[in-house]
Amino acid sequence: MARTIIPFGPQHPVLPEPLHLKLVCEDEIVKEAIPALGYVHRGLEKLAEIRDFNQMIQVVERVCGICSMLHSQCYCQGIEEMMGVEIPERAKYLRTVWSELHRMHSHLLWLGLFADAFGFESLFMQFWRIRERIMDLNEATAGSRVIVSVNVVGGVRQDLTPEQCSWILTEVAQAGKEIKAIQSTMLSDYTVCKRTKGVAALTKEQAYELGAAGPTLRASGVAQDMRQLKYAAFDKIDFEPVVEYDGDCYARGVVRFREALQSIDIIRAAISGMPQGDISVPVKGNPEGEIITRVEQPRGECMYYMKGNGTKFLERVRIRTPTFANVPPLIAFMPGLELADVPVAVLSIDPCISCTER
Amino acid sequence: MLKKFIDNSRAKSPWIMHFDCGSCNGCDIEVLACLTPMYDVERFGVVNVGNPKHADVLLVTGTVNPRNAKVLRNIYDQMPDPKGVIAIGACGLSGGIFRECYNVLGGIDKVIPVDIYVPGCPAKPEAIIDGVVAALAKFEGLKG
Amino acid sequence: MLKMTPTVLKNLFSKSSTRMYPFEVREPFPLYRGELFNDIDKCIFCKKCEIKCPSQCITVSKDKEAGTGTWICDPFACVYCSICVDVCPTKSLSMAPNHRKPSATRDMIEQVGKLKVPKKKKAAPKKD
Amino acid sequence: METLILMILGIVVAPVLGGLVSGIDRRVTARLQSRFGPPILQPFYDVAKLFGKVKVINNFWQVFCAWVYLIAAALSVGLLFAQSDLLLIFFVQAIGAVFLVMGGLASPSPFSQIGAQRELIQVLTYEPLIILVFASIFMVTGSFRIDEILNYDQPLLAKLPLMFIVLGYALTIKLRKSPFDFSTSHHAHQEIVKGVLTDYSGPYLGIIEIAHWYETIFILGICALFWHTSLVGVVVLLATTYFAEILIDNTMARMTWRWMLKYVWSVGLAMSFVNLIWLHAG
Amino acid sequence: MIENMKEITLDAVVGEASKMKSDGQRLVALSCTQLDADNFDIIYTFDKELVLTNFRVTVPKGSDCPSISGIYFAALLVENEIQDQFGIMFNGLVLDFGRTLYLDEEITTIPMCNNTKAMTVKK
Amino acid sequence: MLPMMLALVILLPLMAALGCYFLRVSTIRTMIVLGTGVCIAATSLALFGQGSFTYSPGTILGISWDSLVTLADFALLFVILYYAFKLKNQLIKVFAVLQIIPLAVFELFFVDHAAEVPAFYADSLSLIMVAIISIIGSLICFFAIPYMKTHEEHLHLVKSRQPRFFFYLVLFLGAMNGLVLSNNILWLYFFFEVTTFCSFMLIAHDDTEIAVKNATRALWMNSLGGVAFVFGMIWAYSVTGSLSIQAILEAGPMDGAMLVPLGLLCLAGFTKAAQIPFQSWLLGAMVAPTPVSALLHSSTMVKAGVYIVLRLAPAYAGTFLSEGIALCGAFTFLACAAIAVSQSNGKKILAYSTISNLGLIICCAGINTTWAITAAIILIIFHAASKALLFLCVGTIEHGIGSRDIEDMRGLYLKMPRTAIITIVGILTMVLPPFGVLLGKWMAIESASGDLFVIVMLSLGSAISLVFWARWAGMLLTGPLREKVPAESQNILTRFTLTVLAAATVVVSLFSPVIYTGLIEPMVGKTYEITGGVFSSPIGVFAVYPIFIILAAAFIYAWIDTKKSGNIQNGASYMCGANVKEPGVQSFIGPMNVPVEIKASNYYLEAFFGEEKLTMWVNFVGLALIVLMLGGAL
């Protein structure tokens, strides 16, 4: 039968980012999908050779603007571990607060884009409107809406005043209320379910084998969340990984939706449990040795491998991001989808190409 | 009369297209945020068309590398005149923090002419709105 | 179906949430890392900012003979991280809580100040 | 002569009305999304701007098809105002639909091609429904001629309530509103960029935009027939119908065309049967 | 400071990988580093219930590495990436981008080898 | 004059056929075909001058024509029987025997040979049919001359088989003319059988395995029709006691006694018109060279079936049988249009569309109001022209690009601009107003709108047919049109026939009001008021002239603007920005930096309209409807 070959990307309006998929379709059913990357590759890992380990924080923050806070957190955790620095408790809590704010804004952003992928414009607008609350919080407390740049080796740069803390609490509570107001649309609207349920499903085994990470993995029923590693303040804060079992786009949506709400609880716990004290410790010397650290990014497990050689330049920084892990599942579940479902399916892994390619 | 209306309309209906040229997403999401209720650039007649053939203004974020440079060039060429280009964020302006990476050629102006530069990392939505408004001034100056 | 109706109707009958920028400008957040300024009179041309800047967009040079120092910053490469502000020993650097305005041409901030002379003069704050 | 004047009147007034409707549509949509929204006259600025752009084409048949699309749309509206035959008007409008598809197919861009195919499927979906609506009007009034229909002394809505809903489906498809906005992605662009219109640009896109305004008026005109007995009725009916369309657009995800074909046909046919059988019985 | 690190040889890679797979481990990453002018280091990282297991393989410059993408489909992207960045070729990749995953022909050097320093762009 | 003219339209083709067969020189053959064509075409037009007539030929060499026909009839049946044995086909044997024996019994024991039955009767319907057959049929024959030459070149035949081919082709025309002019039902039957046999020979012409197989199928299905015909005829005779069709018509349903024979005769018409479930023979007939398909589908063969049903229409007006026929027709219209969507073989699309349109005509006959009959006649005229044109186009294209798959015709405009445009004209005349086919469809829908089931099927069907036509027309234009397209060279006869037919489809549409007032109205009665080229009736108006004028102006304007656009900036098509930037190349840079050529294909919606999927169901329903129709008659 005659086929249609479609270039999906690099400039495709549904993906804000340049990812290319060569889709071969029959009657709009995808028969074959081959990705092409490299449109966002900058090669920033190489910058470690000419930027010292402190400057690298700003660089890794700019791996991706959506999850920038967690990149620098993961990086700093690694350096701190390498250098044997123990950071103050308060700094850990502060990192938790900002990282969860980041998760919230990332998830809200994604939920909006996801809604946009199945053509639900007003839902998209609604999510992004809620998200602006978080962005304001970021701007007011950290100094920038997106790239908050709060982490330094040894702690954080910014403190939160009690007023700011209570403001954060009211704002996220309000955001939580607004999110709940559209819960029924996102989770049980007929058209939304019709478009997402059963689309691009991965079984638990498949997801695990293909190395999926984060919500993509959890939506398939694997309860794995790097926050269980108890970094930052997660040793003190209780939380349960959000798990869904269907492994389809709908389940992924639900996982992220519930995680966004869960983040509110974590922020609440972190602010109420936040001890007084310093926000950073001075750091002397240079990192040496090898380390692997992992944190839970909004999109899943992010791993940093770093190697220091006792100079202020790291020998190697290697970043393995969650989307990098989620691309193979994406390739695997593409064939058989309808063309209309391609945007939905691609977005369902919450692709972040700038993370993937660095 | 009709001609005047057309000339005037130009500045009232800038259809934008956003191309991410290897940005870290920081600027991207700010561009998107401009379209959302809080900033709503549709007030200025802006529509995000996502297709160079329909666009009047190209918003580019991010650094240029050899691969996306071709795409950028292509998209620019496919936009019918009169058209404007707005470079957004440190990356789009000069390559920003990534200027020295092996796969970075520098700012957008290495590939296509840029009309407005919007600095920032990321550029705030307000800054982007300023940029769009500045670009409109360019269209206004353009009669016939 | 139509689960979204209450939300959208509520939106219809309440005020739109749009901030009418640029007609109405919000009070800026004081912490916002906006445009970078150098109070060149205070600068001692110690190069701390140049060294620490992650984007390497500051160049500081001293001209012993003329007794002047030059502080050049590329605002188009600056990533507004305020590291330089943090490290500046004399607090001559500061960030305004407002974003830098777009421009139609390539900008470069070049400021020249006298070296370690108590009486300082400003010269050519901007060059286009 | 009178017919001719009416026709010309229709052809002149319709795009203005259509543009206004579309401007109001955009404003209301924005408000539903809690945005401020564009000025009401925005569609006119858009089209004027498009006409001020440089002409770039990919295949000159596209130009031809765009023109024919516009003319067919205008002619159908003209015939509607001239109170001609419903079926005839519809077939004239189908000329436009066919040429839109041909224009889409003329471009080798895969998005355009897919858009054209989807456009065809949309035509396939709404065309029988509209013919059925017309047939049902015939069954009530005994004529396909609008002038005869206007002589009927009751609002058709009373006799054909379900057919009006069926027409609503066709309306949603023709207005390119979610959940049936597949072929051109009028409001969004997620799947296939701009579908049939992908390779149109500048003035030719403007032509198509105007044609779309005509089509809006065309379809609203047919809606108006359902309450032709009172002017207030017409206004109320059209306003509610259009508002319902906007609301549906904003409260539904876009579906797939496979779903549309199955769903709209089955529901549409079922409703038509029920309504027509009820008509026979009653 | 890397947990469960085990040094293995190049030919043991595939065998070990399949052992990991049958053990129910998830592939996390391959991390390549240049050791010196002639040697590269690849660390294979696996995860099971939040516990990492690592293998270290030393690859001399110029020699090819067996691909584990046949066992772990997920390895395909990272192996292609290493091909791009380090010039180490992998045999038996399920989808071989042949050094075009990230790079275009304009980039003629092998970027992450230290014989080609990061380019310094004039400010 | 009249006998002369009748001889010209019926006997001249026979003589010419013999000439083609025996004078095996290609120039002579060409001359004969051309001469005959022009002759019968002219005669058919001249016949209009006659108006309605009844005529009985006398005797020839002392033998009455009646007995001659009878004799020939038996001869033909035995030839068919011979082929049945040769092909070892049981069905044909059975059907042939089932015709021979009853017919013999009928001839020997029942028929009152002394009764005076006018052999010929002609009204507007017949004359229109004669004109269609003679003009369009001749054009097809002209087209066949260069076509068969190329065709045989492609096949590398040692010995030309063209004499045989043209023998049957030209004979066919005569037989068809005879069929539509006959009034004596026995004559009608004879011509009916001749067309069956000719079509069998023509389908089998290429002598490939598949050709023979399909020809066999055509033969047995049409023989089944023959059987139905024979029984219907005998039954009708037993009721009315007359062989004259006019007499039968006058008798009317006679309180139901006539319904079964009428039903049987209509059934014979159904098989000829390839109505579901008999559609497979016509589809199989596509293996024959394209002129054959054109002839079978447009002006002859299938139209014979429709003609019979339409001819008998007054006899069953207002009966259950009529309703059944309408349903059967409407169902065929819908089902075949649906299946056509899933086809990519150009000829197959045409074939399904033909069946579908015949269904519409038969449906009109079934609706059986004056409006509907008008619609049917209009449809017959315009469908014949457009469809013949399209078949010939496909034939030309096939010789040009070596494929009849519409996917391969994508961008045909770049290779064969002239043919592509003519094909598009053909397609547009099939689906768009103000062209005749659509005029017919409009009349049909308006006349059917009282009938719930029929109207549903018609509206679905007409929407569906738009799908496959529009995309076919569109895809011919696909392509990056950058510079001037080279002109296309065509054989003079090919060009002549295509151009004449294309012009005819358009121009004759323009004259539809005249045709209506001049020919149809006198026959079926006044249904539409014509003023200024506008058809109007209390229930509807169809403005032919105004729309024609406006659209013509629009097309001309659009064309001028299009021409002007020839020198404006050319843009590459949109491919998500990844275009390979070389003029004329339609590729994007794909994964691994390799250029990938874009490709597009139509949606064939197999899941909804798949041929295999639908055919079984459709046949079942079709059969059920026919049983219902006949059962209701009983």
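Here the chain labels run A, B, C, D, E and F in written order, and each chain numbers its own residues starting at 1.
Everything below uses one rule, namely that contacts are C-beta pairs under 8 Å (C-beta built on N, C-alpha and C of every residue); 3 or more make two chains touch, one makes a residue touch a chain.
Owing to the predicted nature of the structure, the values given are computational and were not obtained by experimental measurement.
Asks: Quick check on the contact graph: shortest path length from chain D to chain E, in steps?
Replies: Shortest path length, in steps: 2.
Asks: Averaging each chain's C-alpha atoms to get its centre, pick out the one most distant from chain B.
Replies: F
Asks: Would you say A-F or B-D is joined by more C-beta pairs in contact?
Replies: B-D
Asks: Suppose each chain is reduced to the average of its Cα coordinates; what separation in Å results between chain A and chain B?
Replies: 26
Asks: Per the centroid of Cα atoms for each chain, what is the distance between chain E and chain F, given in Å?
Replies: The mean C-alpha positions of chain E and chain F differ by 69 Å.
Asks: How many angstrom between the C-alpha centroids of chain D and chain A?
Replies: So the centre of chain A lies 42 Å away from the centre of chain D.
Asks: Would you kindly tell me how far, in whole Å, the mean C-alpha position of chain F lies from that of chain D?
Replies: 35
Asks: What parts of chain B, by residue number, touch at least two of the other chains?
Replies: Residues 19, 36-38, 40, 43, 49-53, 65, 67, 71, 75, 78, 80, 95-97, 99-104, 121, 124 of chain B each touch two or more of the other chains.
Asks: For chain C, give me the residues that contact two or more of the other chains.
Replies: Within chain C, the residues that touch at least two other chains are 1-4, 8, 16-18, 20, 54-56, 74, 77, 79-81.
Asks: Could you say which residues in chain D touch two or more other chains, in rising order?
Replies: Where chain D meets two or more other chains at a single residue, that happens at 30, 32-37, 54-56, 110-111, 113-114, 189, 193, 198-199, 201, 250-252, 258.
Asks: Across the complex, what residues on chain B touch chain E?
Replies: Against chain E, chain B makes touches at 65-67, 95, 99-104, 106.
Asks: In the complex formed with chain A, which residues of chain C make contact?
Replies: Per the touch definition, chain C meets chain A at residues 1-4, 7-8, 17, 29, 31-33, 52-55, 79-83, 86.
Asks: Using the touch rule from the top, collect the residues of chain A that touch chain C in their complex.
Replies: Counting only chain A, the residues touching chain C are 51, 54-59, 62, 120, 122-123, 126, 129, 136, 139-144, 147, 149, 157-158, 181-182, 184-185, 188-191.
Asks: Chain C touches which residues of chain D in the complex?
Replies: Chain D residues touching chain C: 28, 30-37, 247-248, 250-252.
Asks: What part of chain C is in contact with chain D in the complex they form?
Replies: Residues 1-5, 8-9, 11-12, 14, 16-18, 20 of chain C touch chain D in their complex.
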